[in-house]
Structure formats: C-alpha cells, structure tokens
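Everything below concerns the one structure shown next.
Every chain is named by a letter (A, B, C and D) in the order it is written, and numbering of its residues begins at 1.
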Amino acid sequence: MIIVMKPDHTKEDVLNIINKLEDFGLRAHLSEGEHRTIIGAIGDERKLQEVPFLSFPGVEEVHPILKPYKLVSREFKSENTRISLNGNVFGDKKIQVIAGPCAVEGREILEEIADELSSLGVPFIRGGAFKPRTSPYSFQGLGEKALKYLAKVREKTGMMVVTELMDPRDAVLVAKYADIIQIGTRNMQNFRLLTEVGNIDKPVILKRGFSATIKEFLMSAEYIVSEGNEKVILCERGIRTFETETRNTLDISAVPLLKQLTHLPVIVDPSHAVGRVDLVPPVAKAAVAAGADGLLIEVHTRPESALSDGAQSLRPNAFKKLMDELKLIAEAVGREI
Amino acid sequence: MIIVMKPDHTKEDVLNIINKLEDFGLRAHLSEGEHRTIIGAIGDERKLQEVPFLSFPGVEEVHPILKPYKLVSREFKSENTRISLNGNVFGDKKIQVIAGPCAVEGREILEEIADELSSLGVPFIRGGAFKPRTSPYSFQGLGEKALKYLAKVREKTGMMVVTELMDPRDAVLVAKYADIIQIGTRNMQNFRLLTEVGNIDKPVILKRGFSATIKEFLMSAEYIVSEGNEKVILCERGIRTFETETRNTLDISAVPLLKQLTHLPVIVDPSHAVGRVDLVPPVAKAAVAAGADGLLIEVHTRPESALSDGAQSLRPNAFKKLMDELKLIAEAVGREI
Amino acid sequence: MIIVMKPDHTKEDVLNIINKLEDFGLRAHLSEGEHRTIIGAIGDERKLQEVPFLSFPGVEEVHPILKPYKLVSREFKSENTRISLNGNVFGDKKIQVIAGPCAVEGREILEEIADELSSLGVPFIRGGAFKPRTSPYSFQGLGEKALKYLAKVREKTGMMVVTELMDPRDAVLVAKYADIIQIGTRNMQNFRLLTEVGNIDKPVILKRGFSATIKEFLMSAEYIVSEGNEKVILCERGIRTFETETRNTLDISAVPLLKQLTHLPVIVDPSHAVGRVDLVPPVAKAAVAAGADGLLIEVHTRPESALSDGAQSLRPNAFKKLMDELKLIAEAVGREI
Amino acid sequence: MIIVMKPDHTKEDVLNIINKLEDFGLRAHLSEGEHRTIIGAIGDERKLQEVPFLSFPGVEEVHPILKPYKLVSREFKSENTRISLNGNVFGDKKIQVIAGPCAVEGREILEEIADELSSLGVPFIRGGAFKPRTSPYSFQGLGEKALKYLAKVREKTGMMVVTELMDPRDAVLVAKYADIIQIGTRNMQNFRLLTEVGNIDKPVILKRGFSATIKEFLMSAEYIVSEGNEKVILCERGIRTFETETRNTLDISAVPLLKQLTHLPVIVDPSHAVGRVDLVPPVAKAAVAAGADGLLIEVHTRPESALSDGAQSLRPNAFKKLMDELKLIAEAVGREI
C-alpha cells in the first residue's frame, strides 16, 4: 500500500501513519519527493483493509498495491483449476456447453427440451426452479417440483443438472438435486449465500453481478473458495451500461482478463448478455474466440410460450446450427466443443 | 402495451398476436400507419409481463405503457404514506435524521457515539450488526451481540434502532431488536429477503441498488408492499458510474422523481454516495434542498479506528455543524429538521 | 410516434395534440384503453423530432417508433455498402486490416514500422498526424510533416494511408494525403467536422464515441451520408463503463447489431478498447468471430518509446502471430483475412 | 509516479526503468517489499506522461501521484478566480443566473423571452446561434442572424449574451457578439476549439462532457488556461448513466469536489441534466445548496413551439417562482442570488 501525503502535511501526520502500520505488523518506507511525501507499507497489506487511511490527517491518496483476493489468483496457483463432472471438465481443452430453458415450466416441456438437447450431445441442462424476478407478479419458479423434474431428466438422459440457488434456506434442497449450483447475477454479493455454497461439496457457477467490477467478481469467488469449496466456475454475462439496444453489454475482454488473473474456469452466458435471440450466435462465437471455457445458452422449444426470457431463447434448430459453427471456431483457437 | 410490427410482417403474424392478447383477456387495437403497423393492447397489460412478444414472428419493438409497479405508485395512492415511530414521522414536514457508525464495533464505542448523537437530539441510531463486506477477510459484524448493544443504547437514550438484515434466517432475530430494518444496496434484488420483510410488521428502509434503475427500485418496494408491509422508506444512496473520484454518484434527481412516482417516503444517504467525509455536508444539503424526507449519515467519534467506512464518517462536531446548516436549508424549503 | 396521455388528461389536451400533428402533415389515431389514452401519429414522424410533446399538457410519455436515421439504415438499402480502395473492399468477404502506430513520430520510425507491416501484406497503414490528446502538455502530432511521411510510405510500399482529421480547417490538407480519413471517438459528435467530410470524396472511418449509443452512432453516420458521402466505415472501439481494468469495454454485440441495422461496413479497434497489449489478440479474435468487416490495430516496433499509446501497441512479431491466428478464425466464419 | 513490478521481474527490468526515469531528468527511489518491488519517480512526473511504463518488461502497475492538471488547480492558485462582467462576478458570494431559450429561433420570440427575463433582473441571456444537434435533420440554428438578434437584445435590455461556439472557424464571429462563449458538452474534448477560445479574451463557459471524468474536465480547462485565457467557468450539466428516466444524471457531488480541486467558478445546468421541466426546480435548488456559483437555466415563453429542448424549458412564471425559492436557499448557505 502506498500512502500519498498532502503538500501541507506535518511530521506528526507521518508519525501517526507509521505507528498505525507498525500496530498491524507492517513496516513503513518513507520517500520524500520534490512534490509529495510517500509512505510505502511493507508487509501483508491485506491486514490494512479496514484502516481508513483516507480519514487520517495529512493524507491525500491511498493506493493498494496487492490484489485484495488471494486464493483465486494465478499468483497463488498458477495452473488451471479443472472441475470434472463425469469426465466433462471445465477448465480444459474442451469447451463445455450448458443449455436449457430459463425456468423449468412443467415436466413435459422440460422433457421436450431435454430430448432435443440430449440428442445433440449437450452434457448439461440448465433450468431454474427458483427464479429471481424483478416483479413480484412474475412467475417465481416451481420450486422443489422443478428440481424433481430436472432429476427425472438426468435419470432419463444422463444430462447433468445446473440450477440456481437464491436463498440459503434452500441450499440443502438444491444441493440434493443439482450437479452444479448456480449463483445468479443479483446474488453475486449475497455474501451469506456465497458462504453457504462455500460449504457445499458441489461445483458452483458464479455469475458476475451486472454492475460488478472484475475485482469484486473475484472477491465473491474468494468468499466461496475461502470457505473450502474450490470448485468455482466464473460466468461473464454482460454488464449494465448506457446502451439500451441490448439488455446488457457483454464484457468480452473480461474473458481473457479473468483467465490471466485467476486459475478458475471462465464461461460466458451470451443469452442474458444480449437479451435478443438474433444476437446470441455471433456473441457466443466471440466468446469462444476470446478463450471461454464454456457457454451457458438458453434454449427453448417454444420460446413464444416461455414463462421467462423467451425473447432470448434459441430454438433447437438454431442452437444446433450454432453448435456446428462453434465447432469450427473452437478448432480455430485450438479447442474443441 | 404497444407492439410495433416489422415492415415485412404477414397478416398471420398480426393474428397470432391478437390471439395471444385475447388469451390473456386483453383486446387488440390495430393501427396501420404509412410506415408501420402497430398493435395496442387494451386491458391490464401487467398480465402480459411474461409474454416474450419480441420473439414472435414479425415483431420489431415492444413498448410497455403502464408502469410495472402498482401498490407503491402515486396513481394507486395519491397522498404521502406517513410512517410514524414514537411521533417521529417519515413522509411529513419534518425531515428525519438517522445517524451512527457504519458497524457496531463494541459496546463502549457505540455508547460513546450514541451519547453524542443523543445530546444533539438525533432520534434514530444506525449501526450494522451484520455487515455485507466485499472481502471475506473484512470485519463481518458482531451479530446478535451488536443487536444487544443497540438495544441497550435505546434503553438508555430513547433513540430508536436502525440496523441491517442480510439473511432471511436472521429476520426474526433482527426484527426483535430493530425499530427499523434496513435492506442494503447489494440486497435490493434479494427477492427472498424482500418477501421476508414484507411479512414483518416493522418499517423497512430499502436502499437503492447501486446499479438499479428507478423502475427496478420501485419494483423491489412493490415486493415488500405486496406481501402486506406498507411501511417502506426508500433510500437513494448513489449509483455506480464511470466517475472514480467519488465512491458513487448521488442521483439527486431521483429524490423529486421518486416523490412524484410514489407515495412512499424518500431519504438520502450522502455518506455512502460520496465515500469521502469532506463531500458529505454539501451533498446532504443538496438532498434537503431537493426534497428528501430524511437523511442517513455516518457519524463516528473515532473514524480513524472504525472497522468499516471510516473514511466517510463525520465526527460529532462536524455533524453538529452540518445539522445547524441543514436547519436553515430545511426552513428555506418549508420543512424542518 | 406514440403519445401516451396521463390518466387525468382533458379532451382539450388531446385536441391540442391532434392539431399539432396535423400542422406537421400527419394524422392522429386515437386509442382509448382501460387505463390510458394513446395517440398514434400516422405519417412521417421524423418531421416531429422538434416537437416537445412531453411539455404538452396531459402528456405522460412519448415513444418514437421509426428509427431517427434513414439513409444509413438497412431498410433504406438492404445490400451491403462495399467501399473499395485499389481492390481492397470493406464490406465484403475479405476482412480488411489497418495497422500502424498511434501517432507518426518521425520518418525513420514510421518507415521501420511500415516495412514490417508491408512485408506481412497489410494493405493499410494508420498513423496520426494530428492527435487529440487529453492533456495540452502531451505530444500533439507532427502535423503536415507527418502527412508527408505517410505519403512517402505509400509511395514506397504501396500501402494506403489512414489518418485522423480533427479540425475542419485541416480538411483539405488531410484529404490531400489520406486514402481514408478517420474521425476519432471524441469527434463523433463534432457535427461540423462530419459535415465537412460529408463533402469530401474519400472514405471515412467514423469511430464510435466512447459514450455514444448505437442510435447516436448511426445518426452521426447519417450526417456524413446526408451530405453526399456514402463511403462511411463504422468503427466500434469500446465504450466507457464502470470497469477500470481495461481502458474501455468493447461492445462486441455492437458488431452484429450494426450489421443488422445498417448497410455500412463495420470494423473494430481492439487496441483502444482494451488499452493493454496482452488483451488485444483475444479481443481481435472475438471481433472477427462476431462478424467484423475489418480491424484497426496499433503496431509499433518500439512501443516503449512510443509518444502515444505505447502500452497498447503490438510488436510486429506479436502482430504476425495474431494475423496467423485470425486467418483460422476468419475461415471458421466463412471469411478471409 | 509509483511503478509496481511483477513478482517475477528481473534486475534488468528495474535498471531499465531507472535509466528511463533518469533520461527524463527524474530520480528513482527503490523500495523492496515482501511481496512487491516498487519504484518511485522523484521529480516532475508530468514529464513522464508519454512513457508507456505498462509496456515495459516486468511492470505490473503504474500509479500516477501528481494530478495531471496544474494551472487550474487549487494547489497552483489557492484563491477563487473571480470573473467579472459589468460588475456581475462569477466565483464570488453572489450566484449568477444565465437564462434563456436553448436556441435563438427568431427575433420576436427571443425579444419576448428577453423582456420577461430582463424584468426579473436576470443579467445574462443564453441562446444558441449554432446548435450541435444529434440529427442532421434537426434545426441547426440561425447562425449570424441569431447573433445579431442577441446583440439587439443586449442593446435593448442591457443583458449580457452567452452563446455557443462549435466550430473554430466561427470563433471571431461569435467572439464579436458574445459576452461569454459557451463550449458545449459534445465539444469538451474538441481540443482545437479549446485552443481557439484559449486565445480569445472573453470568458468561456466550459460544459462538462456528458461522459467526462472530473479529471478530464479539468484537463480540458487546462487546455484553455494554458493558452492564456484564465477566464474559464466550469459547468456541470449531468453525466450519462444507465438510468433512463432522466436525460442525464446530475453529478451533484461534482460541485463541491470541483470547488476543492480548482480555483475556477463552477456553475450548474439543471435543464440539460434532467431534460424534464418538472425536475428542473428541485435540482436547481440542490445545486445552490451544494455550493454552485451560478445556474444556467432554459426558459421559454412558448416551450411547446420551441425548436429545441422544449420539454425542459421553464415558462417565465415557473422560472420566477424558482428564483424566489432559490433566494431563500442561497441565503441559507450564506450566498445571494
């Protein structure tokens, strides 16, 4: 940590800070420049996260130097974390695909969708049993009934189940049915929920908050890993910007940046990023070209009747076409799908 | 709802939509212009929230006309909702002030702060027992111990307690000690938590998500009110923008806009908006001038030792000075404080 | 245009609007719903752009239906605009590459860079003679001298010259030397400059303003085309968001969206979008996968001595490697590069 | 400037940077911490603005310490800059008011508006002769004719004229008629225009770019001042955010922040910030409460016929009411209006 003093600081101000650093077991390194005096903190600056140096007399600016996350960083662990489910590995050469409806709306329709996906060889089915909806009057999900339908699909097709947890009280229930637990964008900083899944022995897909910085995203992953669950899959799904033509703006550079900063697998959800079925394929292709380890795509056999997010769900034939195209791009970047 | 058809739509596309509208009990009103055909939905369009018209063949654009919230709207209830606690009313002429530390850090320090505030006549003390922190390594709050300290302060000073709930499992516990329950910015769309406080008979301060639109903010309030709890106080606390000099950007126009759209009281938290103690006073003044019904201000007797947000906490003397200045502005806009 | 009336509007309010519409040669179509009265404007609503219906008594909301741009829209012209320079076509199967330093810093260094690019078969060289710099103390470009160096490079290597115009007074000068005139992100809404290049018979690369919506971007293109110059190449170069790890956030979905809305070619500048050399290659790949018609990439032989944007300039060997990789992706999406 | 080295840097990497610093006449100060090696640059770091240290081998992060602007900073000049026009001073106790239509639409309507404002004692009239419009099909202003009408108004009423310059080629013309030259939000980084008004001996109102940071805003002011014109008035007018209910989001904290960072006067334009006439008064009040030195308000006698921005123009009676209310708030903060 670098603490920059105001031009009019006093010697006492500096002493004050040096003492504080020493209280926390760090040493101070003083550098008096022509324009500014600078104090460097030597030692583990993470201990200083709580100290409001900005409110100390004489302080102008504070620059943290170390990244605030540790366990999830490449510095801590240089090789890729590989998360394997029945031989399907996230974080390896093969790009994993998760597809399915936004919400589980009924047994028949779920099976109809699953049959299509299964016949295309998709290993993971997604479908919400509990739905975080902006409106209290919108469809909130079928709850445990939906989880049971998903389990049935697994039994029948062998597909593994990805479903969202939005309440710590449902953790045991969801973990019982899910192969991968999803934490949604609005819950990325629901820290109690993160702690909860940190104590479950199942892989977790953590979606980036639609207004979370990369740093905050990694800090949320750190919550889960620091509780003991290292099987975290990061999912970029678009951020909120001023642009209104698309639902969100996919931060495509987040993919290579995350791959650089962390050892965790990084997947992309093009469907929620753009919110429009016509833009899902080109954005999915971009994600693969940029190095994503997986894709999370909404597919529905009858999008016009979907109870949630129909406007962004691909029909099976469009999805099949996309998969064929993605295969070529995956190969072009030395991957497979 | 207005549905705009593409120039190349077919008659069947239009029929398809008319049928769908009728399925939901609405009527269609067709208008064929020179450039576009437009279908208006007549009836309660809120029923259509789930229908993904954008994925229907031939559809170009969809414009909702009705606001998606109802119970919280001025249209539904024109007079101000007044929330009274021991004669201190939110939503009335008098501007209510809530002050205190970000987190309850210990009994002595809390009492020290409370004594200062109490002597200034502040009716509400704030202090977090459960703290949502970006880092798992940061101070997470003292939990029930903190709630007990707050209750002690109430007993001793008569100040009422405002404290945050961040986990539905703590709802009963927090409700037992709090006079007003606070829902933090990161939980504005934690819908399970909203449902939970919708079923508690205590006033709720709902903080705007730092990236929530006004519409989403009101939809979250609608969640609480639709469960039966009408005592919701909205709190503008800054939104995330590209500017980095301040922690967030206070959306000052949100105050009069919310007062126009809803009957609920609207308060402002200048401390979290700016994140810097030097900017809290001018922004607090602006909030009062713009019509805020209350203020939520961080005050700490020893900000340099605060375990959370020390950089934005006013010392008691600065707070006292601010209160004196706010008094004049409140009068200038026909209010009191 | 759809005008939504407030619940408490009067008949006079409606009449008032109908009269106004008729003044502008449009007809009104009235639709009285259960909750709202809606007035549709029939005719060319672009004539209404100046009418502030929101300030009319009784009006609640105004929704434009027609897009505000015309000449640049796919609706106006469905086939791709192809802009050809010596057989190198923007808007065709082949993806065009423009590379070079941010600024022209001297004759020797420019020639050194050009030789590298030329040997790789890059058809277009970029280099700023006039530099829009945030600081008045930064290098502002060599002016005409730089233009002459660029011309020399063209003479020697056959590469065509892309360079920025930032002042209408330099238009004749720049047009004399440039093969393609670039309008920078900060000048996307410098309407006088747009008008100026609208009257020059040279292709124009119009960079998206870093905070411009897609609609505003297309309106700026409309400025140029409406003056008579149809040779406009749109360039997505990242937008400003809350994320600070990258210089800007590349809006990858803008590529397919623009291709859908307009017939103009769309290229991508990954260098300015990310501002970091390590992220340029993955983002460039994503752009090609998403359907870009070209790339604008900063290349420098000695980035550590560059007078502008050195941190985002690829060295020739990294650029060569990228081109090889892009070739495979281009093929995977049915293009060539 | 602080340069943070990667954990795996070499001694050569460090030497390389030390040499570079010395090339620019600065000294290096090395600090080897437990986790990172840090190099501090001692001397005038502004000389280093062009050096892309991030592209040097072994470098992880670069933190500038000095602010990039100088002449406009409080550090350079601690007392307020006072800009006086006929005894009306910007930057003093009295809050200055500039009012008038967005654009000059004709002689009669301008005089009608001016008469109203003049009778209320408003010292400055605004009105655009050259209008930067998003659409090429919108009213672009009456040009010199409008300037002449404004001059007539000055002659008749004694009001001083504020009008926008958008093209360096019009600088002499506009300077001939204007008392204060306005640079619009879209031209805040039109550096040639800034240089131009830096050489004119007239006060300049510099509007903040709607996506400019405070730093960039001050750098643009630095452009003007560094050319010799110290009479710059900064104008906060709202920034672009994700919120769509208002045209822009007024950054209220920018007012006290700018007053702290610079000696230049700071005014606020509430009309463009909110874009809705109903929100202009509360936001104008907030601006005064937050410490603004002036206000720029759109007033029109017939907003429904305005050729530009009618939806945000106050009628004279609403403006008069606002002025009465502002008087009280100004007094409450120790100012007058």
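Everything that follows uses one rule, which is that contacts are C-beta pairs under 8 Å (C-beta built on N, C-alpha and C of every residue); 3 or more make two chains touch, one makes a residue touch a chain.
The shown structure was predicted, so the numbers you read here are calculated from the model rather than taken from an experiment.
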item: Farthest chain (mean CA position) relative to subunit D; value: A
item: Distance from subunit B to subunit A - Cα centre to Cα centre, in angstrom; value: 26
item: Rounded Å distance between subunit A and subunit C, as computed from the means of their C-alpha atoms; value: 31
item: Separation of subunit B from subunit C, taking each centre as the mean of its C-alpha atoms, in whole Å; value: 39
item: Contacts with two or more other chains, residues of subunit B listed in rising order; value: 211, 240-242, 244
item: Graph class of chain-chain contacts, one of line, ring, star, complete, other; value: complete
item: Subunit A - residues contacting subunit B, complex; value: 20, 46, 49-56, 68, 132-139, 166-169, 186-187, 189-192, 195, 210-211, 216, 219, 222-223, 226-227, 240, 276-277, 303-304, 306-313
item: Residue ranges of subunit B touching subunit D (in the complex, touch as defined); value: 211, 213-215, 239, 241-246, 249-257, 260, 273-274, 278-279, 282-283, 285-291, 325, 328-329, 331-333
item: Touch list for subunit D against partner subunit A, complex; value: 2, 4, 7, 29, 31, 33-36, 38, 40-45, 61, 63, 65-66, 75, 240-242, 244
